[in-house]
Every structure is written in C-alpha cells, then in structure tokens.
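Next come two complexes built around chain A: one with chain B, the other with chain C.
Coming up: the complex of A and B.
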C-alpha cells in the first residue's frame, strides 16, 4: 500500500484531521473565518490568479476535498512574502500552512510533478544541505536542465545576458561548477539531518497510529 | 576594543563570487567606519531559506538554524547574531521563536544536534544589520560620519518582504515602514516616502522557477520608482537587490519598457557618503552601473571640521 493510500484510508472522511495531524501548522486551518484578506493580499494571486487561493483551500479542506487540495498547483505559487500572515485578522500563519500543505502533498507523492516551483524547492534544499551551503551556479543549472539537455541549453541561452552581467560584476563564478563553497563539517551536518528526519517521521507516524 | 561586537552570519549569497558579494564588501567598509566588529560564525551553514519548504520539513529546517546558534554559542559566547541577508535573518528568527515556544521541538533539536557534537544552552538574539544600525548605533551617530553627502540624488527605498514581514523592524509598520527613507535622508540624498511599491514582493524564488510571474511584480516596483523620479533604488535584501536589478533587460524585452535603474544596498550608499572609494562600496559589483554614485565616490570628501552639509 502506498503512503498516500494508507493515509487516505486512515483519515477517511476526515481530511481536516489529516491536515491537522500531518501538516505543519495544519491545526490552524479550522480557525479561518473566510474573510479573504489573504487572497486579496497575495501578489501572485493578483498576477495570475491561484487555482484555489488560501481561504478557498481552507474551506476545501473542511469540505473533505482531499484529492483537489493535494494535487493543486496553488500552494506552489507562494512567494513567501508573508503579507497574508501579517494581515490575517485571526493571525493564522498562512504562509507556513501553504508551505506545510505543499510539503505534505510532495511527501506523499500527490503534488503535481511538473510544477516548476515544486521542482525548484526540492532542488534548493538538496543543493543547500549537500555541502551545508548553497551553490548558486549548480542551483541555476539544475533548474534549466530539468526538462532534458536540449531544453537546458535553450534555457541557458535565454538567460545568457543575465548570467554574463553577473559574471562581469563578480557575482557569479563559473568555477563554482567544480566544487565551490562548502561547510567543513559536512559529515556532522548529514548525521544531524538524518536524525532530524527520523525524529520527525516517528512523530508523524505516532500521530497516525494514535 | 570595538564599540559594538557581534557574531556574524553572512549567508550563502554573501560569499566570494556569489550574488551578494558586493553587499558584504560594502558592509565590511561600513562597519569599519562605525566601529562595529563582526566576527563570522565558524563553519556556519545555510538557513534553508523559505523556498526549501518542499523537502525541509519542520525539524530539519530548524536544526539547520540551530546548528548556527550552537556554533555561535561555542565560539562567540554571549554575542548576538547579526545577519545581513533578509532570508537568513527571518529563518534564524523563526527557528528561535519556534524552539522557544515548544519544549518538544527544542528537545528534538538538541537530540539531532548531538549527532554533530553540538548543543544549545541559551537562545541567541537574532538581529538584522539594519536593526543594529537603527537601534544600537542610531541615526545621529550614523549621520556624524557623513563626509560626502549624496546631495541631489533621489532614491526609492525598496524595503521588500522578508526584512519587513512577518517580524519587521520594531516600531515600523508592515504597510509603510519609514526606516529606509530615513537612511536615505541620513546620507544626504532625497527620499521618496510615498513610493507605493516599497513593500511589494519581488517574486522571491519564483524569479527562477516562474519568471513571468516574478517579472510582472518587478516591473511594478521599477516602474513606480521611475514615476517618482528616482535615479536609483536602495534595498536591505540580497534577493530583492538581485531580482530587481538583473531582470530589467528581460522585462524590457517582455514589456517594451526601457528600464535601466541601478539597485543598491543601504551599505553602499553609506560607504560612499562616509568617504569610501567606489571599491570600498563595491560599486563594481553592479550589473546596472550606478554612474551617479561612481561620480560622487570620485569627489574629494568634506573636511571633518565642515561636517555634513545642513539640509
């Protein structure tokens, strides 16, 4: 049984409870009073309209629309500007709830595979934790080449003038491709993160069992 | 001994050859003038930034920041941690807040840190460099060092998101913070307090993953600066700086605009106003050259006795 099927089975007919127990800050969802200030404060909602803006996602969670919420591209439109957090009259940590739902959907394999920001988010975390510090060049290259080599070269060409400007200004170092900045105690960082994931996994599993 | 001493968390973008290396150069020169000693936390690591959320989870993300706290406590005991990057500052502050409010999270963090041979006994204060400037140094002291006022230069103060929300600088509003405008005035330039895009998001990481969305926002930010007659934009955030500066060419192609406005760090303005060279202020690190500042940086400084020009 896949992780998704097991979770769907366990929380059958109670998606709100699933979100509360498995999603970071998920226990705040029930506090939403549907005023819509978050949606009206969201920069990307204005630019291109989210499929389901935050307050709508919250109501969908309460209505048990599990599939629609977890497969939505909406949460991945968050720019982490925190405008919704500071304006929410009920003080819901909306940015963190959006990140939390996105992380959960990604964790159980429900998130839209081709969503660019989902891809970039995972890439960023892997890049940062691999050596302890971000390698900006490898991060950009990783994104451009996500859809294969040919598309990667095309993407790279489109970004050529931007990259060249940065290189000339001393703010992009092509040598970063071979090594680059890193922490000394990478072993310690890996061990520490492994432990952190293990603890977090156990806590979530305990909630599911309880 | 320096007047003010801190543990310094420069962050990934400030490293040599990285996107905000010019920020670090100018901060170092600025701190020298203000007698502020910043000592880098040895072997510091990435804060995880907001955009790591797909795989960071809750505990791993806090553990990353906690490692920096532990290293700071071990090597620079009793010192407050100062970050220059908005994301580093926000990430570290968030971790501080979460761990302080949850014994479970704190204990779990300690257990994970043990694997790296580290621990936390005291929770450090996390400060942004602009907080140090405003709260510990103060505008009066900052102004005393101005020997080459940036007279006649009109500058839009672009605060952006993460230096402003969700924590922000004490005493400032989320909707219309004033401190950056005051800093612009402090260096003798002309501020634009009514600049309505001062807290608009630059698109953050979406500038990489979904550029058309981020660039629509950046367009608003730059356009409004032009509408107000600004010659340059100033910001306290490395991602705001890079996003608003380096995509102007692509925005011009997309929208048929003719944007070409320099985007500076507050520290660069201060270094030039404090009599530093273009090199001290890292003006060579601009993708869109700040010609006006380069000209000013080439001028002789006022003698100390004359003091800064009265406004």
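Coming up: the complex of A and C.
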C-alpha cells in the first residue's frame, strides 16, 4: 500500500463503518467523547500493560488506523472487571467492545498469534471441548511449553514444589496425563458444540456478506 | 443648620447590658458626645424602644439620632427614621462579639464601646437627613438600540411590563444575525435536531405592538441628559432627526464575526470553499430554497466532505487574534454538521476541536450528533491546504499525539471564528495608540459611536480589554458604567440566542428599576434607594477637574468655565469625587469629609506609656464591613485597639482623613477595599482602583510627617474574608508594636 493511498484512507469513515458492522457492540464506538475515564479506571493500566487505552483505540478506529488497531495486544489485556462500563459517562459497553474487537481481529486472522491471553483461550477451549471436562494437568503443561521445550522444562522445574504440594494434598492426579476423566455423554457434548458452531458460522457469514 | 437636637440611645439587649457598663456609656454620650438627651433601653429595637425614640422626635423635637446598638447593617427596618439624621454605633458586632468575655478584657472592651459612642455622636452632628435629588425627570420610555433578537426581546418584555419603547435599528429590517440563520440550536426537549429560529414571530410581535415605536435605517445622533430625562436624537435615512424623551437605555448592538480574512493559513479569504459560520448559514438557506443539497461554492458540486475548524482565530495565545472563547461556536458547528447529516447521512462531517464546549443542553445535542455519525476529532488545525476545488486540513491529533494528521479531499471548510462586540468607540484607548494604528497600512474600519453621548468622558460606554462593554459578569451583568444605560446580548459578552434572550429580559428589568428610581430622586444601584447625592460648594472650587475625570460613571460634566456640573441622576453615590477633591468642597448630606473626620477626632487617644495603641480602619461598606460584621457573628476575635469607620468606597477616601488620623496620634491606619484591576470586585468598578492610586502617594505625606511607611496599610478584602480579616488586623497590630508608638500622641 503506497503512502498516498494510506493517507487517502485515513480519516475516512471506512474503518469505523467496518467496526460498526462487524464487531459486536461496535456501533457504540462513535459515541465516545474522549474523556478518558475508562483508561483512568482500568486496574491493569497502571502496569502499562495497555499499548493503547480504550479511548485511544476508539479514536484510532475513527482515524482509520485499521492495521494498528487489529494487530494491537491492547484489547486482549482486558480482565473483564467492568469498571469502565460502570464509570463511562456516555454508557459505552467498553468491556464488550474490547472483546468484540479482539474476537474480530482473531476471526480475520490479524490478532497477534502468541499473545498470552489469546493462546490460553485457545488452549482452554480445545482442552475443555475434547472430553467435556477441563484437564488441568494438560492445560497447565500446554501453557508451560508455549514458548518451546527448553522453556517448558524450566517453567516446570520452577513450579516443582507447588506441583508436589498439590499431588500430596490430592488436588493433582498425575494419571490425568493418560486420557484423564471425561463427562458421561461425551458424544452428546460434541454434537451440541457442532450445532453451535454451525449456527455461529451462518450468523457470521451473513454478517460478513453484509 | 438651624436648631439641631441630638439624642443618643444605648441598647442593653443582646448581651450589651451584661458585657458593657451602659450607664457609663450614657454618661460618655452626655459629657464627651455633648448630647443633651441620652438614654438607655433594655431592648431598643422592639416596639417599645422604637416608640420611645419616635415619641422623643415628636415631643422633644429630636432631629439627630445616635443609636448605640448593633451594626448599621442590622435592624434597618426598626431603626428607620427617614426624616432624621441617624448614626449607628456598632457595639454588638463591632465590640462585644469580637472580644473575649473575660475580666481582663473588660476594660479594653468598655473603652472600645465608649469610643464608638463618641464617634457616633460626632458623626451624627455633622450630618443632615438626606432629602433626595431634586433634579429628576419622569420619562418612562425605554430606548432600545439594536433590532436583533436581544433588542426585540428587550422591547417586548418592557412593553409587556407596561413601559413604552422606542426601538432603533441601523439596517432596513428587524432580525439581526438570527434572521440570517437557517436554523438554531434547539432549546426544547429532546435537543436532538436544529430548530426554527423563531425570529419571524419576534418581528411580528414587535411590529404588532402599539407600545413599541420602531425606527429602521436609523442611528442615534445624540444622547443627552440623565436617567429619567435623556433626550435622544434619532437620525433616519432621509436625514430627518426625531427627538425622543427617554427614561432609560438598553444597548443591544450585538456582534460581528471575527474576520476570517485574518486567517490565511486556514484558507480564510483564499478560496470560496472556505467559509465562516455565517457563510455556511447562507449556503444552507440557499440549499433549503432549492433541492436541499448544500453545494460547493466554487463549482456547485454537492458537498461530500466537510470539516469544521473550531476556535479559528479564537483562544489565541500569540496576541494576533481573539484571546477568548466565544462559547457558542461548538454548538453552532454541531448544528451545521447536522444540516448535512440530516439531509444525507453519507456526507462525511468532521469537527476538529481542542475542547468541545457545549453549554446549556448542548451535551444532549452533542450526543445526538454522534448518533447521527458526525466525527469529533480532538486536534489543533495547523493549516488548510487548497488544491483546486478540494482542500486538505492538516492538524495535530491531540489524542494520538500525531502531528501529521490530515483530512483529505475536503469539499468545504467551515471556520468557527467567534464574536467581536459592536461596542462603539473605545473611550479609554489612549490617543497615541490610535494614531500608531492609523500609521500602519491597515484597512481597519474606524469604529463609529453608537450612542453619541454628550458626556464629558466620551460618546460611548466604557469597554473591557476585549472590547465588550464593561459590566461585572457575575455581580451586575447588565449595568454599564453609565447609569441608566444597560447593555444586553453579545455586545456584553459572547453568547448564543438563548442566553441573549435571558440577557434581554434582565436588562429590561434593570432599566425599569433605573427610570423608576430616577423619578424619585434616588440612586439606582448598588446603593439602591439612597436619597443622598453629592453637593458641591462651587465658591470653593478651583476647577481642577479631578472629579470630572475620576467619576467612574461619567456623572459629572463641565460648564464653559470648567466648573463641575453634577448630573445627580447619573450618580451612583460612591463618593469618588469627594475623595478626589483637593479642596474638599464635595459632600453628601449624610457622608462627608466632616462626618468621617468628626469620628476620627472623637476617639480618645491614650498616651504613649499606656501600651494601648489606636488603629484606624476605614472599611468599604460593600465587602470589608460586612466581612467584619460576619467575623463578629462567628465570634472571630480581633484586637480591641482598632476603631472601624465604614466608608462607601475606597475611592471616597480623602487623604486628609489619613493625615488627620496620624496627626491625632493614631499608631496606624488600615484601608480595606475591594479587589481592583481587570478582575475587579469593586461595586463602583473603578472606585477602589482610583482610591489606591491616591493612596500610593501617601508615602510623601508620611515622609513630611517623619513617620514610618508601615503606619498606613492598604488591604484587599473580599466579603468572604470572615476569618482572614481578624487575622490581618491582629497581625498588623503586632507589627505596629514593633514599630513603636506614634510620636504624635499627646500633642
């Protein structure tokens, strides 16, 4: 994309329209009045975890900064505490918009691949839907080995005493590594999820088609 | 002053009888005050006490009354004797409430009370009962200058109240700016869309009212006289002059938009596709008359993208443009963006603002614009680059801190340039500065006088530094520094239609108050109802012109021999002329160099070995004196060595009082007046400022008396300084101990 066409896209309503149509609650973005109460209220913001606080993301959407918004890690840092929703003087459902943008970025493949929240969400979903029960041992091990085998071993060694403590207390079963427990009607769960996927796919396809 | 008989009354109520030796006070009044009739009463302000005084007036022939009780600000209805001269000694708020109730304090507290009795007796003997200004006029007609929304509303409101109105409009039609608007910002629920201006209805109401006489294409050729008896010459287009007798004047001459040609960097004047807000209203009105599509002025193509630049030439810190915010333009731009969005939602509308200010119910209107898809961008516009029919608006995005932000392919740029007051000639502008401006090759239009007053101080009402007419925007918003002349609407401060209509109503009521008071020979404000007025002993006058120059209200003209001519109805009774007069020939019946001088001299000054200093406080009756009274109500104690005299204004202080006090052996003098300067709180606008200028020269006097300059202190006091004032007094008293006793004691 040449600099000229990038400039031409900038400050047009296009990206805002895209967000309004594609993102859940996206039609609220235009109502932000840039007071910054959301950013000030965010409990994670003091750690500078946010590349762009919510009101800045909204301004970037209006300014047509498509690439920067969708590849941002910012919306993935939301912990859903709902402080911003409670405090927003314009009553914007900010938490929902954050999740909406994250979901959209994921859907169109622009979300940062190894972002921890996003990675964990995928891992959890796969783990839980396989047997209908969450296998905690496999879930935590998957997370340990996220950044490669050597790092995984290191992470495991660091958590050794905690793990042994859990085993002693009967809160962690080593045998879970082999198969693990399941729900009674595993097939029924799978069928239910399949149906849900289908409904969701149709809904989004219709949305994408406009 | 034939046959005065003075009586003194000492009250024992409110604890005065317990804390003070009232029998001694009665004796002081008789012996030191030389009052033949002195009495005490258990409860002076009750029916029995007041009846006693009234009986003495009737049967004993008492003409002058000294009441030693509470502050002069309290019980004014009970102690109301309009036929008599009345002085009040403040024994309650001024003595027992500010002193501790202890045995050791008893002596100094009693001394304080005794001095106030002596002072009251001295003051009342120097007074006469005010009789009212005889030089009155009874015209009840109101002149309204300007036929815009403000002027028409003033006329309608005054007419509804029963006062005839003469309305003078410069152009050929009523309506003013508002008549040029396509629509106005909504003032009714749900505040979502632009509304009809309502100007047509106002015009027909004015034209249909037989009580309102309208002059179109007319100007004011001359304004002469005073409230209640103004004589105004109205010049019409034909060259004829009509003379009208007028009681009071409301100037509603409105505003002009700041000239966008002064903003070439924003494209002002360089392309027809860059317009100001009035330009867009014209485009919208033309569109409404046609197919409803707002078109680009250069080639008539429909506008697909429009950018509104807020604060264009406003809130400027460089000194080149307007320094202030006009307050109405954000709402106006939101309204104008809706013209586009309501007709066609696919038009891109961007409002670039630094701070979006939407007073009134503008917040709902703002929200409605966001719902309609108007884009609001916080940024500062640097430049509008014209490329043929379209332009690029370059700006610094203040949220994303992007200094290279831009909106491209913009069909129309609207500059929100703000209001400049049509306030006539700036009479305070130094002549040299005007000449300098004339030397530059500027095409500035020389302002034309609006009222053409025949006043000595100039043909128009005084202005603030930004050119709006001078009025305190909180305390007395419509009152100009010319009594009986009021300003309303954007000539007074920038505002929108809703605020202007409110202003118009307020000014109409103020003008009615002024003409009614003028007929009765009373002051309008802030000493509303005051019957005293300045009297001058012309045989002593040296024609120095200080009074005519200094009067903050232009009340004093000069005759051909340069003697002052007092127009009493224009006077606000501040006494600035009295303070200015070097030969002390100006006085009021109940307030003069003598009434205050007598109080200063009446105080008993203990000798230098007594360790009882005496401090004179001259306290402004508008702010400082109420603050001192309230300090008493809150029982905030202060030194027993001060003697407080209320004055009408710091401007009324004649330096002879200070010289007299220091000569008499006072150790120090404190002056308490209101804040002066651009953010003045003075009730007489310039009084405290003029007083301070005079006091700044007191150092020379001190030098000739061989006294330390700490002996005179000038202090700024606000009405809220209830705790600060006692602290200031105590601090000063402590300082004076360090300076030592005055060497003038005992002479």
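To be clear about the criterion, the second predicted complex is superposed on the first by the 194 of 210 C-alpha atoms of A that agree within 3 Å, B and C clash if a C-alpha of one lies under 4 Å from a C-alpha of the other, contacts with A are read in each partner's own complex, and residues count from 1 in each chain.
We take it that contacts are C-beta pairs under 8 Å (C-beta built on N, C-alpha and C of every residue); 3 or more make two chains touch, one makes a residue touch a chain.
Since the structure is predicted, the reported quantities are computational estimates derived from the model, not experimental observations.
Taking chain A as the reference, the larger set of touched residues comes from B, when chain B and chain C are compared.
Once the two complexes are laid over each other on the shared chain, residue contacts for A:196 go to chain B alone; chain C is not touched. Within the superposed three-chain model, A:108 lies out of touch with both chain B and chain C [touch as defined at top]. Judged by the touch definition given at the top, the superposed model places A:37 against neither chain B nor chain C. When the two structures are aligned on the shared chain, A:86 is found in touch with chain B, with no touch to chain C. In the superposition on chain A, contact is made by A:62 with chain C only, not with chain B. Within the superposed three-chain model, A:116 lies in touch with chain B and out of touch with chain C [touch as defined at top].
Of the two partner chains placed around the shared chain by superposition, chain B is the only one that A:166 touches, whereas chain C remains out of contact.
Residue contacts after overlaying the shared chain place A:176 against chain B, while chain C stays out of touching range. Shared contact residues on chain A (touching chain B in one structure, chain C in the other): none found.
By the touch criterion given at the top, residues 12-13, 15-22, 43-46, 48-60, 63-64, 67, 108-109, 111-118, 161-162, 165-166, 168, 174, 200-201, 203-206, 208-210, 213-214, 216-217, 242, 246-247, 249-250, 284-287 of chain B touch chain A in their complex. Residues 7-8, 10-13, 16, 30-31, 33-34, 55-56, 59-60, 62-63, 65, 90 of chain A touch chain C in their complex. Across the interface of their complex, chain A is touched by residues 348, 350, 356, 366-367, 370-371, 373, 375-378, 397, 399-400, 402, 405-409 of chain C. Contact residues on chain A toward chain B in their complex (touch as defined above): 24, 43-44, 47-48, 77, 79-83, 85-87, 93, 95, 99-100, 102-103, 106, 111, 116-122, 124-126, 128-129, 132-134, 136, 139-140, 143, 161-162, 165-166, 168-173, 175-176, 181, 183-185, 188-189, 191-197, 199-200, 203.
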